[in-house]
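Input: structures, listed below.
Okay, so chain A shows up in both of these, paired with chain B first and chain C after.
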Partner chain A sequence: MAPKSSNFSKEEELLLQDFGRDLSRKSSVIFYVHALFVSAIPLWLFNRIHQMEMLDNAILFVIGTIFSAYFVALAYKNNKFELKHKIAQKRSDGVAAELNAKMSESESKKISKKEKDERILWRKNEIAEAESMQLAVFYTNSLFLILLILSSFFFFKSYSPMPNYIISMVGASSITGLLSTSSQK
Partner chain B sequence: MANLFVISVLSLLIGSGFCCDQPSVDSSYYTSTNLKLGKNAAFVVELTVKCKNNVQDLKLYADVNGVQYPVTKSPEGNNYQVSWTAKNKKSPAALFDVKFFDESGYNALKKAARINQDANTVKPLFSVDVKHHGMSSGFWVSSELIALAAASLIFYVVCNERSAVIS
Partner chain C sequence: MKYCVLVLFLSCFCVVASEESSAKLILTKNILNSIITQGNDLAIEYNMYNIGDGVATDVELADSTLHDTDFELISGKMSVKWDRIQPGTNVTHVVVVRPLKSGAQNFTSAVVQYVASEDSEPKFGFSSEIGEVEILSLKEYNRLYAPHVVEWGMFGIWTIPSLLLPYMLYYNSKTKYTVKSKKN
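Entry: the complex of A and B
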């Protein structure tokens, strides 16, 4: 692994921020809120269908929700990173055409090619960021919920509620997180 | 003459504390609706009876469509319970008028049945309405299967979208 260096230029830092794996503060907050919400949905399921009392199992539910939220948020992050590059490549021509259409001929002559390219890159990054986040959240949520339904109501149907909850939540969130670490080349 | 005799006996009984005067009833009931749990419909009526003349340990009988059932009493308080079953075919969705008789009323009911007199002439101590919704076995597809099918459909759509982006 390359040693960390703080001698990056402003452009390089911007590139790292846009194309790196790390999330911005805003993205992190969005991901963790979504992850907590999705991990809390099974509580209603286990309370109403498996008849697990909320107060009696409060500690288990809190630990399970936090554990699941961590892995779901990890899956969001990995899926978003994988999708962002692909979306950016696909939207490249469309964004360039959009920006060229917006700019008038005189404006187009005034600004340099470098600035035009930067604007296109910035806009492309903005669109790819939003679209990849939404698709990553949608995909991860549907994968997590389908795994949870399968494990809780089919594979471990005959288990008593508490082991059912533990195995289903740990299993579904872990598998979701694990599958997000794969990459297609 | 006979009526005078009955009235005088009743007055004696009320006065002596064996007859419940102006009962106030607080009732709840349960009827089975799930055909998967059993082919016979089960009915349970629970009630609390308070008499104006403060009679305790009433012996009650319930009459449901001409069939009498004994009513059990809890060891403490004035809580009573009666239960019965009926074949599902004989108990469609209906409103049952469950009549409650004390001992004298029950005896009068039996006498009316013996001499082929109309049972409706015997006035009950009080009655409780029990609404039975009928029994059903529910939807033929289980709800978890429907949930799984819906989740699978959504996952399929999302996978298609993702594949279109990644390819």
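Entry: the complex of A and C
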């Protein structure tokens, strides 16, 4: 079997960046910050409602937060990839209208149709990238927090605080990550 | 033959005479609280029923199972006396105590002493047992039953940057590009 070539042309690299699963550095940072924040929010509930002391359970909380943040970030990435294509299809007309409105008539005559289509595609990709990130964060965070609240305050309410925290955080983050791998949305 | 009939009749009469006018007390002990918490009042109710056909006199109820080290007496007495309890009637006594410790607590029987009939020896009886009951600590009680309105309110505020903000950004962008396409 021939070895894979790692030398892509500039166009191919741009296509991979726009339509592949990999995230840009900026997107990764945004996702991990969101994931850490949403994984740290439950600490408030466990400290004030389940009466778990922060200092006594510091190691458990740190491990739980990092574990949960990893799976939530993974879910962000998967959900964003699935949503981007759908959003891009829906925004075609709106983006085209925006660009046509911005360009004057003379400008519009100067540039070729191919150039115009490329600009629309680039702008559409930019909009879809931003919207899919925002919607993926919202959707994933909602799912994670709902699962966490249901498990911690309903299903495992009678458990003592430490097992409650472990089961709820591991369960909620794992299920959120697992559901994100589904391709049907 | 006549002599036998006479003896039989007299023995029956003696049996009937010995069972007349004798009291019989039944004592029940119940906890009125549904949740028992350390530091919160606990009401214990004692019900005494005279199911006999005689008057019970010199009735004394005593519960020495609630030690000072475990319970603080708030209201009522642990030792109570009644002069008489008529047949077919009942009396109720309530004691309010405050548990000083949390954990499993065994509530055993109280004791009643009474005179069942005139010139008879005092009788003793035991109440029903409640058994082992879990007394919650204040921390555990707050964890399970307090409303936590402030905590949930603050949680709602913490979730704004994670939920509301991303959705608002998405919605604004969606509205902007949907309106544009409809206009054209």
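Observations on the structure shown:
To be clear about the criterion, the second predicted complex is superposed on the first by the 180 of 185 C-alpha atoms of A that agree within 3 Å, B and C clash if a C-alpha of one lies under 4 Å from a C-alpha of the other, contacts with A are read in each partner's own complex, and residues count from 1 in each chain.
Throughout what follows, contacts are C-beta pairs under 8 Å (C-beta built on N, C-alpha and C of every residue); 3 or more make two chains touch, one makes a residue touch a chain.
Small disclaimer: the values here were computed from a predicted structure and weren't measured.
Placing chain B and chain C on a common chain A by superposition gives a fit, with no clash between them.
The partner that reaches more residues of chain A, of the two candidates chain B and chain C, is C.
In the superposition on chain A, A:K86 contacts chain B only, with no contact to chain C.
In the overlay built on the shared chain, the residue A:P161 is in contact with chain C alone; chain B does not reach it.
In the overlay built on the shared chain, the residue A:V95 is in contact with chain C alone; chain B does not reach it. By the document's definition of touching, of the two partners only chain C reaches A:R48; chain B does not. In the superposition on chain A, A:I146 makes contact with chain B only, while chain C stays out of contact range.
Vertex at the C-alpha centre of chain A, arms toward the centres of chain B and chain C: the angle is 30 degrees, rounded to a multiple of 10. When the two structures are aligned on the shared chain, A:H34 is found in touch with chain C, with no touch to chain B.
In the superposition on chain A, A:E126 makes contact with neither chain B nor chain C. By the touch criterion defined above, A:V137 lies against chain C but remains apart from chain B after alignment on the C-alpha atoms of chain A.
The gap separating chain B from chain C in the superposed three-chain model is 5 Å, by closest C-alpha atoms.
In the superposition on chain A, chain A positions 135, 138, 142, 145 are in contact with chain B in one complex as well as with chain C in the other.
Here chain C touches chain A in the complex through residues 139-140, 142-144, 148, 151, 154-155, 158-159, 161-163, 166-167, 169-170, 173-174, 176-181, 183-184, going by the rule given at the top.
Listing the residues of chain B that touch chain A in their complex gives 144, 147-148, 151-152, 154-155, 158-159, 161-162, 165-166. Contact residues on chain A toward chain B in their complex (touch as defined above): 82-83, 86-87, 90, 135, 138-139, 142-143, 145-146, 149-150, 153-154, 184.
Taken together, the chain A residues at the contact with chain C in this complex read 34, 37-38, 41, 44-45, 48-51, 91, 93-95, 97-98, 100-101, 127, 130-131, 134-135, 137-138, 141-142, 145, 157, 161.
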